[in-house]
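First the structure, in the form of structure tokens, and then the observations on it.
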Amino acid sequence: MANNADVYDAARVIVKVKEPTNQEVAWLKSDHLLFCYLHLAANTALMEKLLAIGLTAIAFETVPDSQGGLPLLAPMSDIAGRLAVQIGTTLLHQPQGGKGVLLGGLPGASRGSVVVVGGGVVGSAAVEVAAALGAQVTVFDRNHEKLVQLRSLGHNVTALYPYRQALSTAVSQADLLVGAVLITGAKAPHVVSAHDVQSMDPGSIVVDVAVDQGGCIETTRPTNYAEPTYMWEGIVHFAVTNMPGAVPRSASQALSAVLLPYVLALSEDTWDKHAGLRTGVNVSAGKVVYPSLVDNQ
Amino acid sequence: MANNADVYDAARVIVKVKEPTNQEVAWLKSDHLLFCYLHLAANTALMEKLLAIGLTAIAFETVPDSQGGLPLLAPMSDIAGRLAVQIGTTLLHQPQGGKGVLLGGLPGASRGSVVVVGGGVVGSAAVEVAAALGAQVTVFDRNHEKLVQLRSLGHNVTALYPYRQALSTAVSQADLLVGAVLITGAKAPHVVSAHDVQSMDPGSIVVDVAVDQGGCIETTRPTNYAEPTYMWEGIVHFAVTNMPGAVPRSASQALSAVLLPYVLALSEDTWDKHAGLRTGVNVSAGKVVYPSLVDNQ
Amino acid sequence: MANNADVYDAARVIVKVKEPTNQEVAWLKSDHLLFCYLHLAANTALMEKLLAIGLTAIAFETVPDSQGGLPLLAPMSDIAGRLAVQIGTTLLHQPQGGKGVLLGGLPGASRGSVVVVGGGVVGSAAVEVAAALGAQVTVFDRNHEKLVQLRSLGHNVTALYPYRQALSTAVSQADLLVGAVLITGAKAPHVVSAHDVQSMDPGSIVVDVAVDQGGCIETTRPTNYAEPTYMWEGIVHFAVTNMPGAVPRSASQALSAVLLPYVLALSEDTWDKHAGLRTGVNVSAGKVVYPSLVDNQ
Amino acid sequence: MANNADVYDAARVIVKVKEPTNQEVAWLKSDHLLFCYLHLAANTALMEKLLAIGLTAIAFETVPDSQGGLPLLAPMSDIAGRLAVQIGTTLLHQPQGGKGVLLGGLPGASRGSVVVVGGGVVGSAAVEVAAALGAQVTVFDRNHEKLVQLRSLGHNVTALYPYRQALSTAVSQADLLVGAVLITGAKAPHVVSAHDVQSMDPGSIVVDVAVDQGGCIETTRPTNYAEPTYMWEGIVHFAVTNMPGAVPRSASQALSAVLLPYVLALSEDTWDKHAGLRTGVNVSAGKVVYPSLVDNQ
Amino acid sequence: MANNADVYDAARVIVKVKEPTNQEVAWLKSDHLLFCYLHLAANTALMEKLLAIGLTAIAFETVPDSQGGLPLLAPMSDIAGRLAVQIGTTLLHQPQGGKGVLLGGLPGASRGSVVVVGGGVVGSAAVEVAAALGAQVTVFDRNHEKLVQLRSLGHNVTALYPYRQALSTAVSQADLLVGAVLITGAKAPHVVSAHDVQSMDPGSIVVDVAVDQGGCIETTRPTNYAEPTYMWEGIVHFAVTNMPGAVPRSASQALSAVLLPYVLALSEDTWDKHAGLRTGVNVSAGKVVYPSLVDNQ
Amino acid sequence: MANNADVYDAARVIVKVKEPTNQEVAWLKSDHLLFCYLHLAANTALMEKLLAIGLTAIAFETVPDSQGGLPLLAPMSDIAGRLAVQIGTTLLHQPQGGKGVLLGGLPGASRGSVVVVGGGVVGSAAVEVAAALGAQVTVFDRNHEKLVQLRSLGHNVTALYPYRQALSTAVSQADLLVGAVLITGAKAPHVVSAHDVQSMDPGSIVVDVAVDQGGCIETTRPTNYAEPTYMWEGIVHFAVTNMPGAVPRSASQALSAVLLPYVLALSEDTWDKHAGLRTGVNVSAGKVVYPSLVDNQ
């Protein structure tokens, strides 16, 4: 096989999963069409480089479908939400630093309490797994239709509007808190404060799935799978960026199922007639194009 | 039809549903075999009368099957447990004196909390209905196998051992408290104290299904369907004796399905070879025969 | 606190839950923006007064979302549908005048039969609760997609098109009939005739949730929680206007979760650019604006 | 391989699935121990032959476990009950002679009605499949505990005591009637009369699983898979003996899983100390040993 | 009643279920408006005749709703999908030529394997029934949202993208293969090859619901209920055209529920303003109008 | 507080959770009654010490109830089974050494495969969690009634008899293998061979819950929570002794609920009349008393 630099040189369209490494950035040229997860809102260094190169970069996470969903983000969000609860369940084990609670409870023992903030794809997936395991779940979302759907995931799911007080009370009683508030292509807001986290019992667990976009919990700072957790005021925090990297087989199977039609479209000269792809362009010819990135500048 | 006195006079076996009225007591004779619900532990006046007559009285509620269950009590207990939650659900409506809460909750609103004390037939039925309605249910029982079964009724059911503190905490947070502790043929113990009830929010509901045997909640006093509830310290109490009387059609259909083989057995001279019937004799020839009634004397 | 007249005088936007009382009407002025449940189709007296005042009144129940749903009516409809079955279940008890049937049935006893006419938010909620309780449910709706969704609520739910004969047969066999046909901002049609109701067994129950808009069952006349039921030809009728008033805590929690964004929009001068609010204006400057009210005039 | 006659000659224990054919009977000797399904109550010809030979024959269907169950009949009964509904579902198709009804119903169409008479292993399996398919199921059994279990198979299952009138009414409205009353080692009683069957709609289906023991429906006569059905008064009857023969792969997998320990026990000289095997001896040394066969003689 | 020729002569609108027979074609005139299932893509002979007559023919199966669904095809597709599994289940019985497997499995025996190709209305219905029966189901569809919905039909359902290799592997292990790929008004593509079918075990079953449009499985050729199956390389094939004809009662009840509003619209002179009806015109005044039929010519 | 040595000296009954440490052994005397988990079959060193001291030791894990269950082992077994799947789910993540598979699958991706060997309390709990997470589960047990119960845990559960070939095939395809074969008070047999484990894909997971009794998988060797896993031929093994130690809060809540009546009984002089306690004596007065320990000597 030719070396990678040559491969890049010969290509018109570069399709990757994750953002380019520094080495790969060196191989990019202005006539390249880059198509991958980018998360530029949280990575201005990379944005500057791409602008300097002058290429066109389309971020998976900003390509919409006709209903306003994000079809290329959805499978990864689905995975991340499920992983958040699977991992949180295990972190609650005492040898992992947790309070030693079985999340689903037992005959003669209480059920654990899970709070999920945000009821989109990530949050729904987290609620689904936590409910299936038998935990008591409280999920917060502003959208009433989502509350209806989330509540239907189980009689052990309570779906509420995120009034500040209701949210703080729920967080203070949670064994596991999952942060799942993401806003397309923008930094996540801090919907759970450090003060809220401090009110949790020692040995409780925080998993912030929004960490790729800066985190939606104030005490979150990015980690990786080499050292996935850190302790803050006795609370175990897990905030690995690119969470789906833990299950690459399942992730690639699910992602390729949704990716194929887009790659085929990009291979045509008329790709910019494709509404989703055109909308998903983040930078092009040295300019920031994607609206929320423009606002963030 | 002959009048009732004549009917009694001609009969050898008297099968009724409820205990005899004063008028009926006047028709009873020493060679009668009386077979009905009696609940003598809570009705010493009737016991004295039956002893004076000298007849043999078998109480439905004390006839065991070979596994130690109470087959003639079970259908009524099942009904009473279901009614307890159906009625409690409606009493929570504000026009009935309740706190104005929808027991099963709503998208955007909390689920109500139900505490059931006792996990036998009554308690299981109450838990089943409350769980189906979507409430958060906590049920207490001493028997671990029952805890296993009760917990399997739904992910919104927590089944616990009745440690005093766990029970008090749960009661204090309940919207609806169902008392379901019954001991075969004996007075029910007071497993929930007046102090526990006092800790509940105003407008909460207490339904004590054990009222026929004296009640298992300290603040219970018997009522009837003419005036079914009373208020105690702001808590609505429902403690109608003979609760299944509210649904006579369903009750008689279910009861007759289990009663038939026993009535056939009683019509034979050899009925006292039938283990269940023999065990269920409460009084005979002027003597108290049923062990726990003897102890209670 | 200032007295209420002063509060009204100082306000530009008046947000209430129910329609204004006579006293409140006296405080209203032509430059007020009134935002509450109004149900003017069934209350021409109030409509006349509001026209005379000349203010702008937006009815919660006529504000649409972008899919044609009614987001501010939905939570109340959801509650009313659930209450209809909870209350109907208890009215079937003999001391309440009912036929003495346990709606969900028992081992050895039949399941009760529930007929729901109309499969919108009210009807779906009623079907969901009746199905969860274990009744045999038949629901009628003209829309095939709704039939698909309703049928999926349980194997004990049959969803049918409201052919006259099918509807009459079902009603004649029902223990509990729930009227749930509502048409946005207009009088409900009589889809169940007096003759249909007459064919029901004595002690059966009718709950007409459409009573706020005139009722969809011919024998319905409005009642209130002080005297909630009346008997017509041996059939118990419950037709309380403002049914959700029974559970004010749950109702206000659910309603406020959907109301907040609209109130924020109304506080802006540009509120009439908001598609939902603009469509929901019923009267303004002395004119009836809402189309179906115009037709009704 | 030696021919079969030689194999029989050399063997002490003969384990088969079905009763011996005429040819095999010729090979049997008085010192053989025969272990297979026998159903002698409905096959006196075979019983006479076995008595004449003088061997010991243990029938799978009469070997009890310690709880009074029939472990070697149970898997076949389970299969037969499931097949009864699968086959009945297809017979309801018009090209098969049925009334052209989809058993589970549809959005906009009624659900079919299934009546199962008998709630043992056969009946439970039939109810389970019919309930899963979405039919309205009514099942009859005398035992209250079974009614409790059967009812828990779905909210579309009603479990009743077999009062004559209740049974007749249910049968007259059934699309599919499954006969599932079997009494260990004895002829099945006729619990559904010809008159009951006559009251069914033309094109309705009768499947009598008890046909191996004579049938529990009066209009049943044995058929085989070559010509499995016959019409009686417009009602399609299916009464194939040895129903599980339709799914030999699944049947042999399930049967061998329960059979192995018994075969191991039989290979020991002390097999007659094994309570189940000893009880299951039907004939031995020219005498009928199994009690209900003795009574039937 | 007048004879049919006269009835046709007097009519302006002809509403039928199936396409006209040769005799009926003789009665059709150029000013007739024909409204029925037509499936002209697979029946060019009929198309030629209708063009020659010059009438306007609207095919049920090509009338869209506003979301792009096919409301008049949907109920029949729903039925066909359910029948496919019901019939396939029975064909697996050995006397029908099948491999003798119980599709839902048993305690101690494996669960059967069902592969459904295509996840639209037909495929969803097939998956729903197969999942309810307890089989292991794999369903293939290109649309990610459908994969989400299909997977939610049960934990025994796996929903995959139809990569060639994944599809071939799944087919080779299937006990029952259901072909359910239909494209509106066009010939179905062959998504399963003869080679794929050949890889299945002898006694496995193929049911191709797309047969009305030519079949989506290469080895499919149309059959009818008189002789519904044929054997190809040891695999039982069922490919009856007009499958719903097996359950005419349920089908007509479901169809008429969706048909009524369209018939009312057709009876108006302005029917061609109705978007769905106008789109559904296949031929008119001697011209092929429906786009995919034009392409197919 | 007195120091522990004094506490031991003053006590007659010593109740602990785990077996005594070396230090505690030094405090034990011949007139002590020791009551805790002992697992002497796998710890002959401790057995020798207890024999030398001459005390009476009752092991929690060998106290039977009247049905032959092990009430004091059951809650821990329940926990261990649940933990096995929770931990196995996380070990499948690539950063933990696993193959990078999401156990419950995804829309567009396969479901993971779990094999559980043994269907007692441990195995049932493992199956329940794996089924709830959406994996494809195969469980093996010799007892047919258990197969019936296990299969009812979900349509994604297949329950089979442990024929050697069926077991080996299933293991070779498993993502997660849970060993759950325990025999009361005896060493676990090796039901899965090293050869079987070797046939699994690299990155698959083995969790052997029977490790406290020597392990039921040949490649198991005990680990602890400090270093819980080891790699053998590319397969991740988890075999922590005392698994429930990970969730001490839940474990102690569940254990104390079953322990209390036994401790009360032990405090009486007549404790040796208690059938369960008497049976559970492992060593007494220098003699091995418990039968299977005697055999093992």
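As written, the chain order gives the labels A, B, C, D, E and F, with residue 1 at the start of each chain.
In this text, contacts are C-beta pairs under 8 Å (C-beta built on N, C-alpha and C of every residue); 3 or more make two chains touch, one makes a residue touch a chain.
Just so you know, these numbers come straight off a predicted model, no measurement behind them.
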**Asked** Most remote chain relative to chain A, going by C-alpha centroids?
**Response** D
**Fill in**
Greatest Cα-centre separation from chain F belongs to chain C
**Request:** Look at both sides of the chain B and chain C contact and report whether the same residue positions are involved, with over half shared, or different ones.
**Result:** same
**Item:** Between chain A and chain C, centroid-to-centroid distance (C-alpha), Å
**Value:** 41
**Request:** Could you give the separation in Å between the centres of chain A and chain B, each centre being the mean of its C-alpha atoms?
**Result:** 53
**Complete:** Whole-Å distance, C-alpha centre of chain D to that of chain E, is 37
**In chain A, residues with contacts to at least two other chains** = 75, 105-110, 134, 144, 147, 160-161, 257-258
**Chains that touch, pairwise** = A-B, A-C, A-E, A-F, B-C, B-D, B-F, C-D, C-E, D-E, D-F, E-F
**Complete:** In their shared complex, chain F is touched by residues of chain B numbered 144, 147, 160-161
**Item:** For the chain F and chain B complex, residues of the former touching the latter
**Value:** 71, 74-75, 256-258, 260
**Fill in**
The chain E residues in contact with chain F across the complex are 105-111, 131, 134, 136, 144, 147-148, 150-151, 154-156, 158-161
**Request:** State the interface residues of chain C toward chain B in the complex, per the touch definition above.
**Result:** 75, 78-79, 82-83, 86-87, 89-90, 92-95, 99-110, 129, 132-134, 225-226, 228, 245-251, 253-254, 257-258
